[in-house]
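The same subunit A turns up in both complexes below, where it pairs with subunit B and then with subunit C.
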Partner chain A sequence: MTITLTSLDNVEFKVDKDVAERSILIKNMIDDIGETDAPIPLPNVSSAVLTKVIEYCEHHRHDPPQVQDESDDPRKRSNDIEEWDMKFMQVDQEMLFEIILAANYLDIKPLLDVGCKTVANIIKGKTPEEIRKVFNIVNDFTPEEEAQIKKENEWAEDR
Partner chain B sequence: MSYNPSSDSVKKLSVPQSSPDVAFKTKFVARLGSSSPRPSQGQHGPTHRALLIPEVVARIGHFIPLYSTYLSSAAFPRLTPKQLLRCTRVCRLWFHVLTPLLWAVVDDSVARMIPMQAIQRNAYRIRSLYRLHNFGWPSYVACTKLTHLTTSSWIVGVDELIRQNPSLERLEWCSKAPHTDISVRVLSAIQQSMGRLRELKLVECTLKLKDLLMILRSMPVLRRLEFEQTTIQSSRDLYTEMFHSAQLNFPNIRHVSLGRGFSECEGLFEILAFCPRLERLDLDSGTTNCDGRLTRKLSAQSTETLATILSRSCPRLRAIEYWTPLESSIQRIHLLSGDQYTSLVKAIHTTPVSEPRTSPKSMAPSRVNNACSSMNGIRKSPVETSGIEPTSATPVSFKADLLELDMSMTVALMDLCHTLETISLRIHVYECQPWRRHEASRWNFKNISCILSACQGLQTFELDFLAFSKADGGFSDTSTASVLTANQGALMLFEDSWRCQGLKRLSISGLHRTFHVNYHSNSWERTEVPQIQYAPIRMKELLQVAETPDLSEIQDEPRSG
Partner chain C sequence: MNDAVRLPEILIAIGPHLSRRSLLASVSVSKTWKHIFEPLLWTLVELDEHDYANESIRRAMARNGKFVKNLNLKDIHKKTMDFVQHCTRLHTLRLNLPDTTGKELVISTLAKILQHNQETLCVLDSKYDFGWGPGICQTLLACPRLEALGIYESLTHMEVDHDFWKIVARLKRLSIVTLALHFLVGEQDTFPNLTHLHMITPHCWEPVSAALASRCPNLIELSVADYSNSILSAIERTVLPKCRNLSTLVVNCSETTSQSRASFFKKLPPMKHFGMSERFFKPTRNEKLPFSQEHFHALVHIDLKWCGWARSTTVQELLSSCPNLQSFKAERLSGRDIEYGDPWVCLRLEELWVAFIDVEVPSLGSWTPRPGIYRQLQRLERLQIFDQYMHLPEMSKEHSDRLDFRLGFGLEHMAIHRRLRKLRTGTSRQELSVKDIKWMIQAWPELEEVEGILHFKEAENTKLGRFLERNGIRYRTTDLVRYDEVYQAGF
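So, the complex of A and B:
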């Protein structure tokens, strides 16, 4: 069965049902409303981003449902990204964050995780100032606050 | 795009005003005065709105490595908080969202690396505490918001630690020394404070059955119970009789795991009689127990005892897993015989579930829906099936390590033909001269073919061969003829038409792989031969509706050895 999705800029995308249902949001909509030919509006996702999201879902359409693993224990967490996903995420920063937002909104946890892992890898090895520079983040600490935090955590500087 | 916090696309994780992080910030600012934050230098545009959403920032922080196995082992990774701490200094939002991640999980190795003042200052942030030793810890740690505690009787003041955490959801208790009783003070603390506990694990404990039952009575929402190297003394004393006569049961326990050493303590089986809504039973044989000696294999008599208790007491049982580590497989230590597996599978039937019984004594013969015997696998957990016809019963997966797939086991599996959805088998063949391995595999393939021709709902079928031979046995025949023989055996799978119209995954492996084992050092090497490619078989031609399979075709594999 084919599902029609309509993006923010009114572009329609026809996708297979099992591809669309990689999004838990869409899956729940279909379960609640029932199968219908009416397009499902996604007013918060642009066509460019939705194209990428659908590409991801189509590639991963046969993946087994994600089970709760031990990733909640940081000692056992893995930061590995599959090769295909790594290439998929070679986009500019704007698109990267838009994909993260779309994955968050559509409730596609594996895609959200891949996006967040990509950002975490960008952060790796950078100082706070370098992180602010890369992501255009405003430093809203006072100098005293910064000094206090640094002092309380100086035990970790060489770890 | 402009940031609109009221937009549906934005899922915000609000920080409650009463949270310690907000309180800490308020106290922090008040202490240092009210200077205005200075703007960041070098800014070249607005911050993307994704990085202003606490939920997204938290998820990113989730993947900033906090531990490293570089210069350490995977079992004992090294704490490396530097990067995450740097992220907490980026801005206030990141500080409040990411600081709790630093302290969410704390164990003994972490405590040795962190100043005690830092631990005490952040104790309220700790959610999972793994504390088995006193070294490196302050004398008093004000952890009051734990959800997970792994601890032992070594810990000074452990009873107080339990009392001050009534919101615990998981408790793992390790005894001070093997087979040591839990102290009265700790028992009392557990009984008074564990009203919300959902998971309990006891390691290297010795308990009387009555004490265990009293502990379980104080945990009304307990769903999962685990034992490892634990002995339950099932004396029929006055208190135990009272429990039996009072028809006591624990209706919320869904999952029981009998770990390493369970085969040596039948007292553990008695617990199952008090769990009428048990859905899953894990049996983990382990290889050695706590004092280094090999654990005993589950005997045929014990298997019968277990199967009887399950049949009588657990009508909702859906899954049985029997775990055997690979080291045990090589030594052939803990693999069950086909009869033992069959006995467990037969304890479960694909008939509608009757109303749950309220007491162990009034059990009618059990009628449960699904079964699986599993090896390192997770099977599906079906929905409630009371009153549902077998054909619409929830799916079942069967995963097992087998020495052989004999007739008895084959028939037992075919009894599940209406509900089986996943079959995953690993067949072990030992001392395999190639011709013997391939001959043995042919019988297995023939029986598997019979199962596939019966199971109409099958979606996944996986078959792996584990062939072991002596390292110096010279049995590494990799000739083309050997490969062809193995492949011809595999083609027997396709001799009968299959009924599984919805088959999505078919995996057959290990035909050309041999583990050459050095039994002295318990090490092994693996060899594989490049596989010969065949033209793909057209699956649709095979997936035809078949008549009822002829059981006379089921064959017993000639025993090797």
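So, the complex of A and C:
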């Protein structure tokens, strides 16, 4: 069965049902309204991003469903990202963030995890100034405020 | 950032994936980043006696107390409430107090904290014995979300009253550590909410842990340290028939007989997690586990450390029969049994703790490691923690005890273990060089910790340890003396 998805910029995408259902949002929509030929509108996702998301879902269409662990701490999960996923995530920063937002909206947890881990790896090991540089962020703290934050969080470092 | 409006959404999604260090850097990046990430820094707070003298911590707690979900108190002081009064949304409270702390102060502080956090508290874990009087029981009964309780009772026997069992009736998880237990569980009492039970009762001569477990029909996890002589058969007779959902069973006992073991294993249903240890080691003949394929396939975690009856052939059998193992701990595994045994099937193994024996063969006047061992180790591509320790006092000198971590002697066979995070080598005859350590750092990019004596010369050992630390890898020396003591004394 094929599902039609419509992106923000009105581009239609035809995908197999099992691929589309990697998105829990879409899965629930299909469960609620039943099988229909009417396209599902995704006003939050542009065609460029939706193309990438569909590519991910197609590659992972046969993955077993993830079991939600009660004590689900993402930091405790294995650190490694699959090679295909790593290559998939080699996109510019803007697209990376768009993919995370889309995965969040569409409720595709594995894709959200991979995207977030990728950003977490970018942040890892960097000083605040280096983080600002990478993400083009303006420092809106006064030097006094910055010093105070550092002092207050000093004791948190060893915990 | 191009899309400043949607930035918070992204940061919130990323938050749980950041390590503590990354969070600490991130809170200084900008005001938005601080606003979003700072609460995550305060989710877990630990306070000890030095912290109570620190005014800036007190002020920080005043501002951020509401974000604290997990609070660990290593000391309780008269100033403690000044620090924790702003914690009103605690999920978990742990007390890890020294025995010298005054009971009254603890009880009054605890009562206040419970009152402030009545609506949200789910877990109370106390490693301090303050007596389970009616006052505390009443306060706990007023915490509607309480689902997990940890009790430690040290000196006198523990008398519990009806209120205590009312609390237990609501719990999902219960942990009791007590030297003596005076239980008066009502005959009719069952605890259908209890799914996880953990009991350490070293001086009880009756199998009280089995008695309580058999009242919990929905038990999923049971872990006992019970030194009565009949715990294994008590579990077999009273727990296994009643607890049909049991998937984790860990038994620490004093000693078992081969009859009690044979009968027990015949009745044991397939388990996800099985562990056993015995205080007194008695050499036994090899016993075959009467497990079906269903048993082997169900096992994900096995812990047979300090388990005298699990001989090498049993250990080898488990490694070559259980395809879903994630962690495996066992006392001894002979290189000869590996070479002549079936290939290991536990390809998902992440943690391996084992004492190898008989790992080398004489060849041309020197010793080389049995290739069969590395051949099997190489199948474990997902290995993250490798803990191979050995120094079994009763082994003769002919049985070598070293798996070599030197290049040219076996280390290069471990290049495949790219996910290795922790390596522990407990043997005392390593002679690693800087070259070997450099190789390890290159080959194992995830390496976080190495423990062991890397060189038998102390100065060399220290130098190699420092080299590891300079490369961001924690290094600790194995305390072999400690191991021998522990081994001989039991627990």
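Methods note: the second predicted complex is superposed on the first by the 145 of 159 C-alpha atoms of A that agree within 3 Å, B and C clash if a C-alpha of one lies under 4 Å from a C-alpha of the other, contacts with A are read in each partner's own complex, and residues count from 1 in each chain.
Here is the rule we go by: contacts are C-beta pairs under 8 Å (C-beta built on N, C-alpha and C of every residue); 3 or more make two chains touch, one makes a residue touch a chain.
The model shown is predicted, which means the values in this text are computed figures rather than measured ones.
**Q** Specify the outcome, clash or fit, for subunit B and subunit C once both structures are aligned onto subunit A.
**A** After superposition on subunit A, subunit B vs subunit C: clash.
**Q** Applying the document's definition of touching, compare subunit B and subunit C: which contacts more of subunit A?
**A** Tallying touched residues of subunit A, the top partner is B.
**Q** Could you say whether A:K133 touches subunit B, subunit C, both of them, or neither, answering first, second, both or neither?
**A** The first partner, subunit B, only.
**Q** Looking at the overlay, does A:K151 come into contact with subunit B only (first), subunit C only (second), both, or neither?
**A** second
**Q** Taking the superposition on A as described, I'd like to know which of subunit B and subunit C A:K124 touches: first, second, both or neither.
**A** The answer is both, since A:K124 touches subunit B and subunit C.
**Q** When the two structures are overlaid on chain A, which partner does A:P143 contact: first (subunit B), second (subunit C), both, or neither?
**A** A:P143 sits against subunit B, while subunit C stays out of touch.
**Q** Answer with first, second, both or neither: which of subunit B and subunit C does A:N28 touch in the superposed model?
**A** neither
**Q** Could you say whether A:N10 touches subunit B, subunit C, both of them, or neither, answering first, second, both or neither?
**A** Touch partners of A:N10: none, neither subunit B nor subunit C.
**Q** With chain A superposed, which of the segments 55-63, 343-351 or 361-369 in subunit B collides sterically with subunit C?
**A** 55-63
**Q** From the superposed pair, tell me which subunit A residues show up as contacts to subunit B and also as contacts to subunit C.
**A** In subunit A, residues 73-75, 79, 94, 97, 100-101, 104, 112-113, 116-117, 119-120, 123-128, 131-132, 135-141, 146, 149-150, 152-153, 155-157, 159 are touched by subunit B and also by subunit C.
**Q** Show me the residue ranges of subunit C that touch subunit A in the complex, using the header's touch definition.
**A** 1-3, 6, 9-10, 13-14, 16-22, 24-31, 33-34, 41, 44-46, 51, 54, 56-57, 59-60, 384, 419, 446
**Q** Please output the residues of subunit A touching subunit B within their complex, sorted ascending.
**A** 43-45, 62, 67, 71, 73-75, 77, 79, 93-94, 97-98, 100-102, 104-105, 112-113, 116-117, 119-120, 123-128, 131-133, 135-146, 148-150, 152-153, 155-159
**Q** Quick one: which bits of subunit A touch subunit C in the complex? Just the residue numbers, please.
**A** Subunit A residues touching subunit C: 73-75, 78-80, 94, 97, 100-101, 104, 112-113, 115-117, 119-120, 123-128, 131-132, 135-141, 146, 149-153, 155-157, 159.
**Q** Using the touch rule from the top, collect the residues of subunit B that touch subunit A in their complex.
**A** That would be residues 7-11, 28-29, 32-33, 35-40, 42-51, 53, 55-56, 59-67, 77, 79-83, 85-92, 94-95, 101, 104-105, 107, 113-115, 118, 121, 128, 378, 504 of subunit B.
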